[in-house]
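The chains carry the letters A, B, C and D, assigned in the order they are written, with residues numbered from 1 in each.
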Amino acid sequence: MDEGNLKLAQEFLPEEYVRQGGVSLGGRARAVRSLLSQRQLPRQGWNEASISAFLDELATMDSNNFADRAGVGEREARVFSPLVARRHFGLGHGVGRSGELAAVQPKAAGSSLMYKLANALVLHALRLAGMRVAKKAIIVPTATGMALVLCLLALCAQDEEANREEHGSSADDGGASESRHARRYVIWPRIDQKTAFKAILTAGLTPLVVEPRKCPRGSDALVTDVDGVRAAIESVGADNVLCILSTTSCFAPRTPDKVVALAELASEYGIGHVVNNAYGVQSRRCMGLLNEAARVGRLDAFVQSTDKNFMVPVGGAVVASANKAFVDAVSLLYPGRASAAPIVDLFITLLAMGEEGWTELLASRADVFGYAQAELAQVAERTGLRLLDVRGNDISMALSLDALSSECGGDDDAVTMLGSMLFVRSVSGARVVVPSKTKTIGPVTFAHYGSHSSASSEPYVNVAAAIGMTSTDIDRFVVRFEKTLAAWRKAHASPSTSTS
Amino acid sequence: MDEGNLKLAQEFLPEEYVRQGGVSLGGRARAVRSLLSQRQLPRQGWNEASISAFLDELATMDSNNFADRAGVGEREARVFSPLVARRHFGLGHGVGRSGELAAVQPKAAGSSLMYKLANALVLHALRLAGMRVAKKAIIVPTATGMALVLCLLALCAQDEEANREEHGSSADDGGASESRHARRYVIWPRIDQKTAFKAILTAGLTPLVVEPRKCPRGSDALVTDVDGVRAAIESVGADNVLCILSTTSCFAPRTPDKVVALAELASEYGIGHVVNNAYGVQSRRCMGLLNEAARVGRLDAFVQSTDKNFMVPVGGAVVASANKAFVDAVSLLYPGRASAAPIVDLFITLLAMGEEGWTELLASRADVFGYAQAELAQVAERTGLRLLDVRGNDISMALSLDALSSECGGDDDAVTMLGSMLFVRSVSGARVVVPSKTKTIGPVTFAHYGSHSSASSEPYVNVAAAIGMTSTDIDRFVVRFEKTLAAWRKAHASPSTSTS
Amino acid sequence: MDEGNLKLAQEFLPEEYVRQGGVSLGGRARAVRSLLSQRQLPRQGWNEASISAFLDELATMDSNNFADRAGVGEREARVFSPLVARRHFGLGHGVGRSGELAAVQPKAAGSSLMYKLANALVLHALRLAGMRVAKKAIIVPTATGMALVLCLLALCAQDEEANREEHGSSADDGGASESRHARRYVIWPRIDQKTAFKAILTAGLTPLVVEPRKCPRGSDALVTDVDGVRAAIESVGADNVLCILSTTSCFAPRTPDKVVALAELASEYGIGHVVNNAYGVQSRRCMGLLNEAARVGRLDAFVQSTDKNFMVPVGGAVVASANKAFVDAVSLLYPGRASAAPIVDLFITLLAMGEEGWTELLASRADVFGYAQAELAQVAERTGLRLLDVRGNDISMALSLDALSSECGGDDDAVTMLGSMLFVRSVSGARVVVPSKTKTIGPVTFAHYGSHSSASSEPYVNVAAAIGMTSTDIDRFVVRFEKTLAAWRKAHASPSTSTS
Amino acid sequence: MDEGNLKLAQEFLPEEYVRQGGVSLGGRARAVRSLLSQRQLPRQGWNEASISAFLDELATMDSNNFADRAGVGEREARVFSPLVARRHFGLGHGVGRSGELAAVQPKAAGSSLMYKLANALVLHALRLAGMRVAKKAIIVPTATGMALVLCLLALCAQDEEANREEHGSSADDGGASESRHARRYVIWPRIDQKTAFKAILTAGLTPLVVEPRKCPRGSDALVTDVDGVRAAIESVGADNVLCILSTTSCFAPRTPDKVVALAELASEYGIGHVVNNAYGVQSRRCMGLLNEAARVGRLDAFVQSTDKNFMVPVGGAVVASANKAFVDAVSLLYPGRASAAPIVDLFITLLAMGEEGWTELLASRADVFGYAQAELAQVAERTGLRLLDVRGNDISMALSLDALSSECGGDDDAVTMLGSMLFVRSVSGARVVVPSKTKTIGPVTFAHYGSHSSASSEPYVNVAAAIGMTSTDIDRFVVRFEKTLAAWRKAHASPSTSTS
C-alpha cells in the first residue's frame, strides 16, 4: 500500500481511516529504515508479522520470485514442495558465492542483503553482551566444530601464502614445494568436549594436548597450565606450530582457559590463537577475558555457537575478531554456497529480541545462575553431597558424587547409572562424570576421559545455567534429583555407608 | 486418536462415523509403517498434512519437546522465537554428535530417526535415477563445495592413518612426524566453475590443473585429456597424489569428464578418485558414467548438490559411494553437530514427490532438454547464430556468439553486455562467455577463464535444461533472447556486418 | 522497501541488483493498484506470497495492530492465541457494524477495505459465470440457509415499512399495530432439500408447498407446476403472500424451477421473489434463467453458496440482485458484526484463481459433467440400470434403481442400503433415494420425502458434477459403484431376477 | 507413531530412546483422552503443536480428507486455495446440517466431534467464570446480534407451536391462521448500543422501549425502571408480549439491568426473558445476577460474545441457559450449515488457555479494573474532571466532561471532538458521549442517543477494563488523555474558564 494505493483506497473508505492505516503501514517502513541505517538491533523487538513481512520483501528481491522469469540456468532455486518454500519464506538461493561466503549473489539480492544485515546485527549483539573488541563478525552456516575447522584452515592458508611469498614458489613447481615448511601443530589445553579436538584432526593438523592443573589456591578448579603450553610449543619448535586453540566456556570444575596469558604467548612466539568461545557470549567473565586477551596479545578469532548463545536451532556459528582481515579470510576460504537457514533463524531471532529482549535475557541468565548455585548448595547440604568450589566458571557448576562412590563401595558403574536415571525422569543435560575411563580419539588417548584431566578422580554431576533457562528448570531439577538420589541409594547404597 | 480415544469418541458420534474416521487416521500410520519398513520413497507422494503430522511426531520424540522437562545442560534446544520454532517443526537439536554426523543423539531421538530415514530415501532416489552402484549415501548439511572439502579431508585422514600404521608413529612423537610423507596433490581436469577448485585450496591441498582438449571427432566438445592426467600424476609422482577430482555435470561445450578412464587411472596408480557430480543426478549420461567407472576402476565418492537435483533451497549435498566405508569415513570426520534444515527440506521433498513424482520429474526434464535443443536450433537459424555441436552433454547447450563478435568488430565488452541485457529482461541463468579474460585463483592463473580451456576463443551463451524447468521457461527465453539480440544489434552492430 | 529503503539498501548491494529487486517489489504494488482501480479479478491469479502480503498490509491498517495502541474499549480485537491470530492474518474485528453489514468500521479500516474489495470481486466472478443481470452482490458470513432467512426478513421489513407508511402508525402505538396487515405466506415449489424450507420457518413465516409435476414431454424430469403456484397464491390471497421462494440448482430428476414464469407471476401479483441459487453459479443454464427472469419479471434476490460454487469451506453466501436497493436492505438488516472468515476465504480464493483460473474451472466442470453422463450411460448399460432422462439439469444426474428393487423383491431397506455400502467404500455424495418415506418438518408433512414429489415411486441414485470435480472422481466412482452393485446383488438379489 | 511403528523405529535407534520418545508421544494421546472423557478445559493449556496435531487428526476424520475418495456430490468440501485449506486445518464442511446446528455430519465426523467438544469446553469455561446455573451452552457461528435474533425467533417458534397445538391448526389451512394470535412485542430496557435493538427489528418484532432512571441512592448510575417495564407489559397486554430483552454488560453510567426483578416479572406474566450478556462473562457481578435470576424467575437464555469474553476474532456467540430445551430449540431453528471458523477459534483458545490460564485472565481483568479506577480518579483530580460515581458496573467507568463543556461555552461539537483527537493518538475504545443528539432506528426515535437516557445531559468519556487489557494500556491511556486534554484546552477553552 504505497501512497498511490492509499489514495485509491480513499474511494472505498473515509480519508481519515485510510490516513491512520497509512500511518500504521508507515511504521513498518520506518522500522526497516532504522534497521538499514543503524545496522543495530532495534531497541524493542519486532513482532512476527513485521518480521515475516520484511522477509517476504527480501524474498521478492530474489530472482526466483520474479514474476514471468525465464530461468535457464542449472541453479534457479526452484523449490518443489510449497511446504519447504514457505518455511524458507521463499528464499532459495542460500548465501555465498563460489568466490566468498559474504559475497553478493546477483540472482539473490534479497538473500544477500539479509545476510549482511544479520552479520551487522550479530556484531551488535556481541558488543551488547560485552565483547567490546569485536570489530567484525560473520555468521557461518555450520555449527561450532566446522567453524573451528574453517578458522584452522584459514590459518593454514595464511601460512601457505606466507611460504609462497617467502620462497617465490607456485603450485606449478611440483616437487619443489615438497620440501616446503608447513606449520602442522595445534596446541590444545585439554577439555573433554570432543568437537573442538576433532576439528583439529578434521583440518588434517596434529594436536598437542596440554593437561590442566588443579588451581593452586586450593579450590576444586582445573586451570590452564600456561607453562605446559609454553613447553609444548618449544617441544616441537614454534615454527612448526600453527596456533593455540583455547577454550572459554566449559564444564566445571574446568574453568575458562587463561586466554590472556595464552594470547601473550601466541604473540611472543608468533603463532596463531583461536578461541573456542562456544557458549561464552552469555558469560560476562568469558567476554572480559577475550577483551583483555585481544588487548595484550594475539587473538585471531573467537568462535561462538548460535544455538547455545542465541536460542536458535543447531546450525550456525559466529566467527568474530578484533582483526577484520581474519574474518574476511574465513569468508574467502569458504568454497561455494551455503544454507541460509541458520542465518535466517538468527536474523529473525535478533529482530524479535531487540536490544531490550537480548540484554534482559543475559541479565536473567546471570540471575538464574545465582539461584541455581544457592539451590544446589542446599541440595548438597540435604543430601550429604558437596558442591565443588569452582570460582571462575559462571555457567557450569558441579556436585561431587564422592559420597555415592563410598556408599556403593566404589562401583563406578553404579555411580554412572545415576545419569540415565535422571534422563528417564526427564532431566536433560545433567552430566554425570566418573573419571575412570580411557578414550582414544584419532591419534591421542585420554585418561579419565570426561573429567578434563588424567589426574581427576572424584565423580561429580554437572549442572549449567544457560541462556533461556528459568528458575522452574532448577526447581524441577532439584525435586527430581533428590528423588532420583533416594531411588539410587535404595538400589545401590550399602546400608552401613548411607548418609541420610 | 488411538483406539482408546476413538472408543471415547463414540460417546459423541455414531460408531460408524468414528470407525470410518479411524480408518482414515489409520492410513497415516500405515504410510509411516511402510516408510519405516521399506526405507524407500512412497510410491505416491504424501500430502502436506501427512508430512507435517509425521514431522510433528518426530519432534515430539525430541527431548526439547518433552512436557515438564528439566533442562540443565548448556545445549537444550530452547528456541526463542516461535516463528523459528515453527519453521523447524519443533526440531532444534540439529543432526550429528561430536562423534559422528550420522550418530544418534540421545536428546533427539526424533531428529536422529528423521536423518536416518532421509539418508535411506535419498539413496533410493539416486537408484531410481539410475545410479545403480550407490551402496550408501549421506546427506551432509553443507553445499557441494564444502562436501567436496570433506571428501578430500577424509582421503587425507585415510592417508594419515596409513602413514601412522606404516611408521608406527603417533601424535606424541613431535618432530618425528615432520619427516612423514603426505599426499598433497589433487589432479583436476579443468572446468571453470570455481567451487570445486576452491575446495582443493580450502582443504589445504595443491591442485594440478589438466586442460581439456577439443574433441578429436570434429565436434565443438571439450573433452578430458586422459593422457594429460596421466602425465600430471607422473610429474609429481603417484605417491604424492591424493586423488583425481573429476566432474560430470558441466556447461557446454565442456562435456562430462571421462570418469571411466580416470577411474582406471586411479586404480592403476593407487590414488583416490572423487567425482563432483553436482547436478548430474538428473542426467542419465552422468549416471551411466558413474556406474561404469565404479565397475572398472576406483571411485571413492561422488558428490551431488541437493538443490540442483532435488529442488530444495541451497544448503545440502549428498555424498554417495559404492564403498560404504568411505561414506562412513566422511560421516566420522565431521566434527560436532550440524543444521538439520537441509535434511528436513530433502526429507519433506522426497516424501512429497514419491517415486512417481520423482521419476516423472526426471523424465520431464529430459523432454524439456530435447525441446530446448530444437528451439535453440531454430533460434540459431532465425538469428544467424550457430548452435554448438556438443554431443555428450545432455543438460547444457551453447549458442555461439561468433557472429555477434564479427558484427561489433570484435568488441568483447559489447558481446559480454548481452548477458546483463538478458538479466534485466528477467532471463536468469543464461551465461554469456567471452574467452578473453585471465583469472587467478589462489596459486593458479587461468587463461580464457570461463571457457574451460585456454585454447578457446569463440564466445557463446549457455542454456541449461535443469530439473523443474518447463517448456514455458524455454518459450519465454526464446522470445526475450531474440528481442534482446535485436536490441543488442541496434546498439552494437556495425551496419555492414549485421546478418538479419 | 519503499524508495527510501531501496536507496539505503544500495549501501549494502550494487545499485543494479537493488534496482531489479525494486522492480520485483513494485510488481506487488502494481497488482494492488490494479485491484483497487479495476475492482475485478486479476487476469491471472496471484501467488500465495502476494496474497498473504496484501492481507498483512490490510491487517496493519486495523487498529488492533497499531503499534503502541492504548485500547480501552470493551472490544479491541485482542486475540489470546497466536495460532488463532495467525490464521486470521491479524484481522480480528470481523466485518459490519451495528448499523450495517457493509459499513466501514473506524477501528478496522483494513478489514473494511477487504470486505468491499471482496464484494466487488465476487460480483465480477458472478458476471464472468454468466450472471449478466447482477448489479450488486454482498457476501454474507452465513451459509445459504441463514442468507435466505435474511432475504425473507428483509422482505418482511419492507412490507412492515410499507404498512407503516400507509397507516402512519409507529411502534409506539401499541395495540393499534395489532390489527395491521402482514404478509405471512411464502410460496415454495417443493424441493426435498431441507435448508431452504427451514429458512421459511426460521423467519417465522408460513410455507405453502406446491408439488412439481412430471415433465409433459415424456422425460423423467420433475418440473415446476406454474399453475399450481398461481393457485396457491390465489388460495390465500396475493395480499397475504410475502414472496415466492424458488430454486434453480437441484438434484435430478428435479429440474431448475421455471423462474422466468415465476418472476412473471411475482410481477403480476406484486409479490416478492427470492431464488435459492445454491450451487447454480456453475451452471450456464441456471445463469440463463436468472438473466431472463430479471428481464421479464420480478426477482428480488438470488442467493448462492460460497462453498458450493467457489470451493471455500462452508460459511458464506452471496446475495446478489439486479436491484441494488434490495442488497442494501439485506445489509442494513443485519444486526451487528459478523465473522470475516468466510469473506477472507473467498477473497483469497478469488485472488488466487484470477479470471483465467475461474473461467477454466467453470469450463472444466461442464466437461466433467459431459464425461460423467457418458460414463453413467455405459454403467447403466453394463449393469442393467437405466439413466434417467432429465434434460434441463446440467449438474445432477440420476441412475434408476428400479431394477434393484425388482431384484430384491421390492425391499426398500435393501435398496437404501446401497447408499451406506457406497459410503463405506469412500464414495461420498452419491445419494440413494427410495421414495417411500414420509417426513414432517415443522407444520408440513411430505410424502415420499427425498424424491421431491409425492407422486414419485422409482428409486434412484444421484451423482453430481460439481465445480472442482475431476474425471478421476468419476472413474473412481464407476469402478466402486460397479463393485458395490455386485456386492449388493450377491447379498440381496434373488437369483431368478438378477440381470447380470 | 503407534506401537507398531515405535517397534520399527527400534531398528534405527536404541530401544531406550525410542521408548522415551514413545512416552512423549503418549502424552499427547493421554491429553486427548482426558479431554474426551472429562469434557472440560485441561488444567494447563496445551501448546500450539498439540492443538494443531489434534485438529489435524480431527480433519483426517472428515471425508474430504479421505485418501482415494470419490466425491460425486454437490458439496464435497473441495478447497481451491491451499492457503485457505491450511488456515482451516483441512476442515471444510463447517458445522451443522440442514436439520440442526449441533447435528453430526456423516461426511464430517471430525468437525462434528470438534463442535461437540467446543460446546462442552465453553460450558465449563462459563461455569469457571461463575455462571453456575448454565446447564447447556452452544456456540453459534454468528456474532451477538444475530444470536439474539435466533433466540427471539426461537421464542416465536415456541409461541407458534403453542398456538398450533391450542388451535389444532396447520400450515395448510390457509386463511384460518390469519386470525391467529401472535406475540409481537419485545420489552427492551433502553441501552444505547444498536445491535440488540436492531436484533428485535431484524426478527420482525416490535420493540417497546423502557427508559432507565437515575439511581435513587444519589449516585450517577442509570438503573432499570422495573415499574416502567411492568407498565409497558400491561400497556400492550402480556399476551402480546414475546419477551423481555434485558442487558447486563454495558457502558457506565448505565448499570446492568435488574435481571433478577425482570426475571420475576417474566415469570409472573408468563413471558420470555432473554439476556444480552454480551461481555458479561468477565464480570463477577453479571454472573451473580444471572445465577440469581435463573433461580427466582424466568430466564430463557443468555447470550455472550465470543470475541469480547474469550479473546477470539469477531464471529461467534454463546447461547447458554439453565434450560437445556431452549438451547436445543435454538440449535434446531438454525437452517443449514454454518462456518466452523468461530468455533475452531474458540476451541483452540480454550485448549490454549486451560483452566489456569482462563481463571488467571479473569482475575487479572478484575485487578486491571481496580487499577484503572484508581488511575482515573487521579486523572480527574489532576485535570479538574469528575469520575462518575457508578457502583454496580465493574467493567466500564466514565469521566464527566462537564468541565470541558463549561470551558468551551457549551460547544457540543468541541467536546465531541475530543474523541477523534484521542483516536488519532492511537487511543481506541475511549467513547466520548455528548447527550444532545437524536437518532431514529427503524420505528423508534431516541433522544440524547448514546447516553442511554433522554434525561441525560452531562457529557462524559467511557473507559472499560476488558479481558486481556493490561496496566500498560491504562498507563498509555492516562498519558495520552492528559496530553490530548491539554491540546483540546489550548484549542477550545476560553481562557477565563480553564481550570488548570
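The rule is short, and it goes like this: a contact is a pair of C-beta atoms (placed from the backbone, for glycine too) under 8 Å apart; a residue touches a chain by one contact, two chains touch by 3 or more.
Each chain and its UniProt protein: A, B, C, D = O-phosphoseryl-tRNA(Sec) selenium transferase.
Being a predicted model, the structure only gives us computed values, none of them experimental.
Student: Which chains sit in contact with both members of the pair subunit A and subunit D?
Tutor: In this structure, the chains that contact subunit D and also subunit A are B, C.
Student: Please work out which of B-C and B-D is bridged by more C-beta pairs in contact, and write that pair.
Tutor: The comparison resolves to B-D.
Student: Can you compute the centre-to-centre distance for subunit B and subunit D, using the mean CA position of each chain? Integer Å is fine.
Tutor: Subunit B and subunit D have C-alpha centres separated by 58 Å.
Student: Could you tell me the distance, in whole angstrom, between the mean C-alpha positions of subunit C and subunit D?
Tutor: Spacing between the chain centres: roughly 28 Å.
Student: How many angstrom between the C-alpha centroids of subunit C and subunit B?
Tutor: 51
Student: Identify all positions of subunit C at which a residue touches two or more other chains, and write them in rising order.
Tutor: Touching at least two other chains: 20, 48, 52, 63, 66-67, 82, 106, 423.
Student: Please name which positions on subunit C make contact with subunit D in the complex.
Tutor: 48, 51-52, 63, 66-84, 87-88, 91-96, 98-99, 106-107, 141-146, 148-149, 153, 156-157, 160, 164, 170-172, 174-175, 177-178, 184, 193-196, 198-199, 201-204, 206-208, 235-237, 240, 249, 251, 279, 305, 307-308, 310-316, 333-342, 345, 348-349, 352-353, 361, 372, 395-396, 423, 426-431, 442-444, 463-469, 473-474, 476-477, 480
Student: Quick check: in the complex, which residue numbers of subunit A touch subunit C?
Tutor: 1-2, 4-5, 8-9, 11-14, 17-18, 20-22, 24-25, 27-29, 32-33, 36-37, 48-49, 52-53, 56-57, 59-63, 65-67, 82, 86, 90, 104, 106, 109-110, 112-113, 116-117
Student: For subunit A, which residues count as touching subunit D in their complex?
Tutor: Of all residues in subunit A, those touching subunit D are 16, 20, 82, 420, 423-424.
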